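Shared between the two complexes below is chain A, which pairs with chain B and chain C, respectively.
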Partner chain A sequence: MQGMMIARAKELLQDGTVNRVLGWQAGEFAYDITPAVFETAEELDAGFVYNAFCGNNLSKYLIKETKKDGKVLVFLKPCDTYSFNQLLTEHRFDREKVYAIGIPCEGKTSGEMLKAKGVSGITGIDEDGDSITVHTVYGDQGFNRSDVLEERCLTCKSKKHVAYDELIGEDGEVLDSHRFDMVAKLEAMTPDERFAFWRSQLSKCIRCNACRNVCPACSCEKCVFDNPESGIAQKAAADSFEENMFQIIRAFHVAGRCTDCGECSRA
Partner chain B sequence: MPEVNAYKPKIVAFCCNWCSYAGADLAGTNRLNYPADVKIIRVPCSCRVNPMFILRAFQRGADGVILCGCHPGDCHYTTGNYYARRRMTLLFSMLDYLGIEKERTRVEWVSAAEGAKFAATMNEFVSTVAALGENKRLEDLRCKE
Partner chain C sequence: MLEVANIREQCSWIHKDKATATEKAIILGRAAIAKVQLNAPLTAGESPVVKRALVIGGGIAGIQTALDIAEAGFDVDIVEKQPTIGGKMAQIDKTFPTLDCAACILTPKMVECSQNEKVHIYAYSEVEEVKGFVGNFTVKIKKKARYVDENKCTGCGDCTTKCPMKNVPNEFNLGLDTRRAVYIPFAQAVPKVATIDPNYCNMLKNGKCGLCAKVCGAGAIDYKQKDQYIEEQYGAIVVATGYNPIKLDKFEEFGYSLSKDVVTSLELERLMNAAGPTGGTLLRPSDGKHPHTIVFVQCVGSRDTSGCGKPYCSKICCMYTAKHAMLIREKYPDTEVYVFYIDVRTPGKNFDEFYRRAVEQYGVHYIKGMVGKVAPRANGKIMVQASDLLMDEQLHIEADLVVLAAAIEPDKSARPLATMLTASMDTNDFFTEAHPKLRPVESPTAGIFLSGVCQGPKDIPETVSQASAAAAKVIGLLVKDKLTTNPCVAHCNELMCNGCSSCERVCPYGAITYSDKEFRMPDRTTQLRRVASVNPAVCQGCGACTVACPSGAMDLNGFSNSQIMAEVDAICQK
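This part shows the complex of A and B:
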């Protein structure tokens, strides 16, 4: 897959359709892939990666990229195309300046999950159907894909691309996933139980604002959480109220625009 | 003889300047009784109420928050109360999802001529909230006396 993507990207760079490529490159470690922009075929060869760790949703980066000259090539997984469409309906980027290639996704592997299973020294990953091979400095280890999935991929809503100029590989189907099971469970609780549940969830919050930064729905240039006058801009949460407040306000702001891309759960 | 140390809920009522605040005024001039636990905050329009105001009220120890505005279609600014209605529907269902009982929050339309409705609404709302007891979930310990 990675080879096909690089080959196609090179063709499009060659014939001048696009002048740069938005994709992924390895981060500090093999499992923390970061989004990156490539401008030449050499850069693509040297840095471009696409593997089971490439969970990042690239659609938000288009806001900045389309402000530059020329067209940008972007690779979108099925769930990314939903946020791509959402940003498009809000006129957050210029569709004319984007060439989108849809790529299939079988669910991404969570580096955290691997670490929890005692895997360390990860240097690479290979996927083949339902089996995942993780290369480490201590040798290879095999896993079932479903055992090491990202949390959000467990309730994947669709394998079907809703927006693209071109597809590599087969388009999938919209899935009948169980993504509202947890909601139904919560709704059946009493207010006391619900509040206890949310307190235990929200008490993890350290107000790093990473969920906001990575969210494709949170694309305001001036964010309420950055406004010192708002009274909720301070980073360190002084007590439980501020954690609640931050999450309620953020949920309120993205209500109706969230596309379940799950980036916030990875942050 | 009323009980001296009986629990009294703290209620914050956001009232729009054009209808509900005048309605509250009318309730007063008609000498209708409504609980003194209701603290009225006058706002230019019900859509002036940012969801954060509601959260702030809970933070500072309110046990219930009620938002009063003009009847739909009667807004002084034509569409302000529609915005308020949409926002509050969303916020209140979200608060309910978080575990803040939906009886603690309410939107009510009170016109300037409905002094009696204002008093009746407040009486009913206060007794509902009083039955639920103190709001301990969203309060901020730093704001405690």
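This part shows the complex of A and C:
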């Protein structure tokens, strides 16, 4: 897949359809993938990766990339295309300046998931259907994909792309994802139980703002949490409940605009 | 700076428990103090006024409004979807309570419209699009193709007698007779020009015929004419879209679709009119014989909560039924006339006297009770089964003609128009007035005024007074050079605006528009960004945008986000 994507990206750069490619590259570690922009065939060969670690939703980066001159090529997994459309309805980027290629996704894993399974010294990853091979400095280790999937991928809502200019590979179907099972459980709780549940969940928040920064729905020019005039800006919390309010306010801000891409849970 | 803590209406008047009410009063005071500290001076803006009015609908309401506006010296356009102005009143025979002929009092006004240089009539035209706001509307008008050049046609009518397509139902006579494919609706039509009906014209349908073009001395026929679009600016818009009788196919018990001799009251108007299909002699539509027993049924579909009809009273039926009954007894004294009613409502100057005359002087049989069944017989008679509630008995009347006083409903074009105008309507599709008692001819949407039945059922005298009232309001608006706008409007902090359109989508008044603007970025580059701006002349200060805005870029003057938060904090404070 990675080879096909690089080849197609080179073609599009070559014939002038696009000026830049938005993709992924490895960070300090092989599992430490970050979004990256490539401008030449050489850069693509040297850095472009697409593997089971490439969970990042690239659609949010289009806001910045389309501000530049020329056209940008972006690779979108099925769930990313939902955010792509949402950003489009909010006029956050210019569709004319984007060439979108839909790519298949069988579900992503992460360094954390593998480390929890006792893997260390990761140098690379390969996938083949349901099996995943992790290369480490201590040799290869095989896994069932379903055992190491990220939480958000366990309830994957769709393998179908809702926006693209072309597809690499086959398009899938919208899945029966059971993603509302947890909602049903929440609704079945008594108000006290629910309150306790949320207090416990929200107490995990250290207010690092990573969820906001990665969220495609959180793309405001100036976030209310960075705006002292909003009255809810970042400041030392007076008590633990005030800290919890961050998540509650954010939930209201993205309500109706969240496409359930799960980036926040990954961050 | 001023804030009011309303402890009368919002506290002392509504609570019985003095102790808790006092506590609430203190809290309300605290909230007002918190708010006043954040108050900022409010300044009202100004917007210019285009000195031209648009009247939508050319019935008596639209005509009267247009004439009154023109009288004050302002240009006014009438848009009428039919080929001629005149509306329903042109179809009516006589008017209550004076029994003068409708055409005799209406047609001079129609002519006045066409002769007044301040009035421009767009007949056979419809409003396609409305943009803008009070004082500054831009309206796109679709002038439908007549296939006749209005400027050349002299209205001689030669084409209408030569056209071979003879069997086109004549809508002016409610289908009781026929017209040709090229027609002038009636003799006094304004503008008096012919119109070709594209649904029936053989030339337009199949390219064969062309007879009207041959006989036309003026060379006015133009089969290639296309719909034209005109864009015009207006300071005020008056809605005068009028009404129609409801369809009666849901009322099987009255047999409207079973017999030609069961007619609606408006059809009876045509049957009694000298210019109607029978030349003014009342004859049965089925066999052309004189009817000797006539049954009137009132409230057909009015005050009907069963779901078939309308829940409201159509208001005019009691009076016109009395008029019909009286005219028939006057002209044909050998006719027995029965009127079935729920109750007779005659509020209006000289109205009750009029009804009493029908009963006492003309001997019309008024029977309290509803008709249960109307059944046509093979011998041409119509059996009417009804109950007389006062005598507590069942009646069986063998009638020759049954007249149904069908409920009236707003014209079907009113709802899409309301959407275009962002004017509100009630569940029955009548336009709502800004205040039912104190602002009855204005829509809540600034610059939109209401005239005639589009606002609620009313008779001609009431329609004309409302039409003049609407004109007075329009004149009051048009004489101003500038409008002062409400200072409590929303504004957008462009530096924070994402351009997401959330506010535009929730704005009920269409006050928000987007444009691309250049911004200087911290790194000294410039960037083109899509940002919202609020038109202060249109914004009504409802604040919907301020809560829809994800970044808090939208704020409301006088009720800013920080003020509301301060109030909430003050209320929650122990």
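Throughout what follows, the second predicted complex is superposed on the first by the 260 of 267 C-alpha atoms of A that agree within 3 Å, B and C clash if a C-alpha of one lies under 4 Å from a C-alpha of the other, contacts with A are read in each partner's own complex, and residues count from 1 in each chain.
Assume a residue touches a chain if its C-beta (ideal position, glycine included) is under 8 Å from a C-beta of that chain, and two chains touch if they have at least 3 such contacts.
This is a predicted model, so every value here is computed, not measured.
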Please tell me, clash or fit, for chain B and chain C sharing chain A in the overlay.
-> clash
Larger contact residue set on chain A - chain B or chain C = B
Name the contact category of A:15: first (chain B only), second (chain C only), both, or neither.
-> neither
Taking the superposition as given, does A:69 touch the first partner, chain B, the second, chain C, both, or neither?
-> neither
May I ask you to decide whether A:229 touches chain B, chain C, both, or neither, giving the answer as first, second, both or neither?
-> second
Between chain B (first) and chain C (second), which does A:128 come into contact with in this model arrangement: first, second, both, or neither?
-> neither
What is the contact status of A:170 with respect to chain B (first) and chain C (second): first, second, both, or neither?
-> neither
So, does A:186 touch the first partner chain B, the second partner chain C, both, or neither?
-> first
What residues on chain A does chain C touch that chain B touches too?
-> 230-231
Can you name the residues of chain A that touch chain C in the complex?
-> 67, 89-92, 219-224, 227, 229-231, 253, 257
Listed in rising order, the residues of chain B that touch chain A in the complex are 51-52, 55-56, 59, 90-91, 94-101, 137-142
Complex contacts: residues of chain C adjacent to chain A | 495-502, 514, 527, 529-530, 550-553, 561-562, 565
For chain A, which residues are in contact with chain B within the complex?
-> 186-187, 191-198, 230-232, 238-239, 241, 244-245, 248-249, 251-252, 255-256
